[in-house]
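Listed below are the structures to be examined.
Shared between the two complexes below is subunit A, which pairs with subunit B and subunit C, respectively.
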Partner chain A sequence: MASKGGAAPSTYTPTPTKKTRRSPFFSDSDVDWLRPDGRGFHQCRPAFFRTGAVNSAAGSAYAEFGNTKVIVSVFGPRESKKAMVYSDVGRLNCNVSYTTFANPARGLGSDNKEFSSMLHKALEGAIMLETFPKTTVDVFALVLESGGSDLPVVISCASLALADAGIMMYDLVAGVSVSCLGRNLIIDPILEEESFQDGSLMITCMPSRYEVTQLTITGEWSTAKLNEAMQLCLDACSKLDKIMRACLEEAASASQD
Partner chain B sequence: MVGLSLGEKHFIQGGIEQNLRSDGRKRDTYRPISVETGVIPQANGSARIRIGATEVIASVKAELGRPNALQPDKGKVSIFVDCSPVAEPMFEGRGGEELSTELSVALQCCLLGGKSGAGAGIDLSSLIVAEGKICWDLYIDGLVISSDGNLLDALGAAIKAALSNTGIPRVQVAPGASGDEQPEVDISDEEFMQFDTSGVPVIVTLTKVGRHYIVDATSEEESQMSSAVSVSINRKGHICGLSKRGSAGLDPSVISDMISVARHISEQLINKLDSEISAAEADEDEM
Partner chain C sequence: MGLPDASGDLSSEMELDAFRRLFPLRYFERHLSESIRPDARPLGRARDTTLALGAVASAHGSALAKIGSTVSLSLSLSLSLSLSCAHANTMLAAIKMEVMTPSTESPDEGSIGSIDFHMPPICSPIVRPGRPAEAAPVISKQLSDTISRQVKSFLCYPFLLNSGMINLKELSLVSGKAAWMVYLDIYCLDADGALFDAALLSAVAALSHYTGRLILIHFAYTIEIYWAGFAFCLDVVFGSPVVGQFQIIRFKNSLWRYIPDNFHHVQIPIVSLNDDGKIELISEEDDGAKLEVEPVNKEKRKLTLSSIPFSLTCILHKNYILADPTAEEESIMETAVTVVLDSSSRLVSFYKPGGPVLAHTSAVQDCVALTRQRVKELQDILDETLSGMEID
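Right, the complex of A and B next:
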């Protein structure tokens, strides 16, 4: 599906925040350590986005980051379920599911029960809920292939799908995660790297407003490392945002022709 | 949910603005914490924590199981939280499910460390009995009995107290079992191993109301929050986990500031909890 895209998917790298302190990444036993897909530690996978993946939805998007492939469709705003009480702001309903063939072992999805609520929390702050009172917007995400960093990809893709559906938002939401392996920080980890990680950090942010909508950290982090990882992520988010915007512009100009 | 009139909302917000909250506390003061350990005889370890009107119980049960094939040298720990309808009528049926999942996930993220087990509050390799064959599975259950805000901090503290109360029976592995055979074990009912809980982090939740953030919010104050950040911090001052609630976005510099405030508060909280836990254990021994 990526090959059909007009623009070749381009890889993007956040600028290293401190160029002088690059030495820790290439010292001691880490000298000959390579990422399985040959990327640099601070290099993201090529990102590919395309809107309008599902015809019947109000808006939809497809995203492909390396082997991670997700599809998100947005329905509504439509009438809230009868059982729900009156609300003068709109509701957001999110659901993330995995296909049975998303993982190497069939039907054995990772523990992703919390993904739906994480997606909800990441998007909620970016959507102008007051523009559609009494109604609900449904965001359904499907992970076609799980290749690592699934949640950030789902979140970025979902914000694009919302934009495609014409839901009013303050800004797009871009999500990026880093893994901490030993003393190294590696951005946009693949499944294999995630399973060996000592800690992880995921930021979703609104790059133009420079606001973090969701942040989760696991594992043990010192302050210096935490700040470095946050800067790295924020920088990657703003670069990812440019790619997402380019995708929207491309779709808009294509529809005008 | 809390229903508040406009006047009450202004009162709470104004109080936080002026560093004098409705119950007389400052923005960075906790409500009185009381700890009771060994409350559930059936469990290997348990504790009850009360922070103001919030009351939670944590229990630790240990069962023998098989270690994960990918990590043969580590035991397993799982955390579940149950929100009982005893606390709030809205928790009845599936009503509490969403909150339970949210709390369980946040606790797992704060206490269990990364996938490789690094940074975990509990040393997973101490749970192994026979490598690749037998390990202890720890089931940590949290129960919300009464809810008046700040559930996550209370549950984190209760789990810390319950773990330091936990005694795991010493196990003798019979020699002679070879290959894939499951060795025979002899579980002692007299000798118990204690956990080293000095590495278990505490959770500090900072709730942002207006421009300020407060610790240990009551449910009334929580209803006025724009966002909340829960940071788990261990004795070394390292961050062991973080999760954010609430819809409003935060500036990255605000988050860094909140983390440093939380680190400062955690020092006091760890000391306070440790003295409360040892006092509770001393009480239990006397009885």
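Right, the complex of A and C next:
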């Protein structure tokens, strides 16, 4: 109320006096990076999944990987809101947004268009769209807190929410990313590591079918590194898949009781 | 609702679920006549409520409020969204503090930047991306009216006193140069009726603190104010300004409440002023060891809340008063009354935004009485949550 009238004074978020700089660690390319959270290079953060977080949705899931916290709700299959031409396959509509407090500096809490389209592309290959003709399934994600590797967490969480909603899929989709820092490959990077990375690779795959739905590579990679990173990702995906399946089994057995 | 008679005949032959969907009003009235609601609550009972603090590490203070939780799972991770049965209402409130230059009129005061209520598309099938929900700006306004202080109006218009929760002087860093601006954002994660109540609870929990204090809620009188031809009923703590218009009606027992220890949930970071006149963060590792820079807010690292507002929404339908309605109840019976009282049962806000049912003064009094009960419940839940945090 107090500030609503008149010109709002401009504000800023205070930054640390000592900026963590990359230079002392990476003056030459063969220095080791100690991970800030004490993990090994090829060790993922503990993953936590829970289905049924939002009651008003057809299906939902909550995922927490370290400080990355995400909720995904699935609505539908329901009437397509945009009156488009007749389609005998269903439509998938995805949206990813951030809360204003997700990042260390206060944001606007707006939609993330890039992630929305990436989420759509990662999931559409796994969903049996022909099982709900003429209708739309909405997948909405909200990143409560961004702690790094947001997109793969959103994708894994979304596939779990789809399963919770009873949408037919060929397989669950698990997503994992790897960052390249100097000569090291680090899996499941946190925000700080992502800001220092030379290159990143993300794979989303259907582990039981051993099929990749999305592969993005950015930055500087050598072929040998790339192969190593892909293998790391695929292994981690199949481990993540086990955790996701365990979560679904737990929810199913709880509802039977 | 043109078919109440027809439904009466059909009710014996129809499936329960079909009856509920086809004749919702009839279905509810059947329950109400038995003084029970479809979710097995008595009419005046609010849903079970849980609070969790510190859910978001990137914020300076945060709280998750859940109204309607039934099964609460272990708090294995920082944010436990418990699996719950049919009715739940989940809100996540977070505080962010930024540095601003205070205005020339009040160089020693920070300010409340904005209090925003968001309804992201995940919370309800009605909300779609790009089109904000209609209810969200209304609730934002109600929240900022309730939480922002208007202390200046206190002397002139004692009835318009807002709760005055936050002492803006505590937000000052360097007089005339820098002060904190507080942003409060509340996200609805799961919408199921009485959104304002849950939003306010999460907001005050995010702002709340825990201090050693002995409060005597002393000689509380229930009094009535005759104001603009309308009677409100509220408790006033003895000693607070009582003007001649008040008429004392009955006497209540005094009540002691002891809150034993010191705990601050809101963590204001230690900062310093650099040569360019900018405020910078002092990292925790440096703290205490060898500080090259002088912190400007060594003492001012907490928020003191003078009074905490709590609310209860009731639905009025015929002669029935339903406390803490679910979304289904709200959609069928449209007249809602929201009462906001502070922790010493003073009236902060009262909303009755129209609706087909006109409230008698007795109904208003009943709503306030229900709210008074609920405030005690909520205060206990908040105290319990805060003391639980302190042990950890």
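Methods note: the second predicted complex is superposed on the first by the 218 of 257 C-alpha atoms of A that agree within 3 Å, B and C clash if a C-alpha of one lies under 4 Å from a C-alpha of the other, contacts with A are read in each partner's own complex, and residues count from 1 in each chain.
Just so we're on the same page, a residue touches a chain if its C-beta (ideal position, glycine included) is under 8 Å from a C-beta of that chain, and two chains touch if they have at least 3 such contacts.
Nothing here was measured: the structure is a model prediction, and the numbers come from that model.
Contacts of A:D88 after superposition: neither subunit B nor subunit C is touched. In the superposition on chain A, A:C205 makes contact with subunit B only, not with subunit C.
Between subunit B and subunit C, C contacts the larger number of subunit A residues. Look at A:L234: by the touch rule set out above, it reaches subunit B but stays clear of subunit C. Of the two partner chains placed around the shared chain by superposition, subunit B is the only one that A:S117 touches, whereas subunit C remains out of contact. By the document's definition of touching, neither partner reaches A:D257: not subunit B, not subunit C.
The touching residues of subunit B, counted against subunit A in their complex, run 70, 98, 101-102, 105, 109, 112-116, 118-119, 229, 234, 237-252, 255-256, 259-260, 263. Partner subunit B is touched in their complex by these residues of subunit A: 113-114, 117, 121, 124-126, 180, 194-200, 205-206, 209-223, 226-227, 230, 234. Chain contact summary for the complex, subunit C toward subunit A: residues 55-59, 62, 73, 76-79, 81, 83-84, 86-88, 90, 92, 94, 96, 98-103, 111-114, 116, 118, 120-125, 128-130, 144-145, 148, 150, 168, 181, 183, 185, 187, 189-192, 269, 271-272, 274, 278-283, 286, 293, 327.
Within the complex, the subunit A residues that touch subunit C are 1-3, 8-18, 48, 50, 52-57, 60, 62, 64, 67, 69, 71-73, 75, 78, 81, 95, 97, 99-104, 106, 109, 111, 138, 140-142, 144-147, 251, 254.
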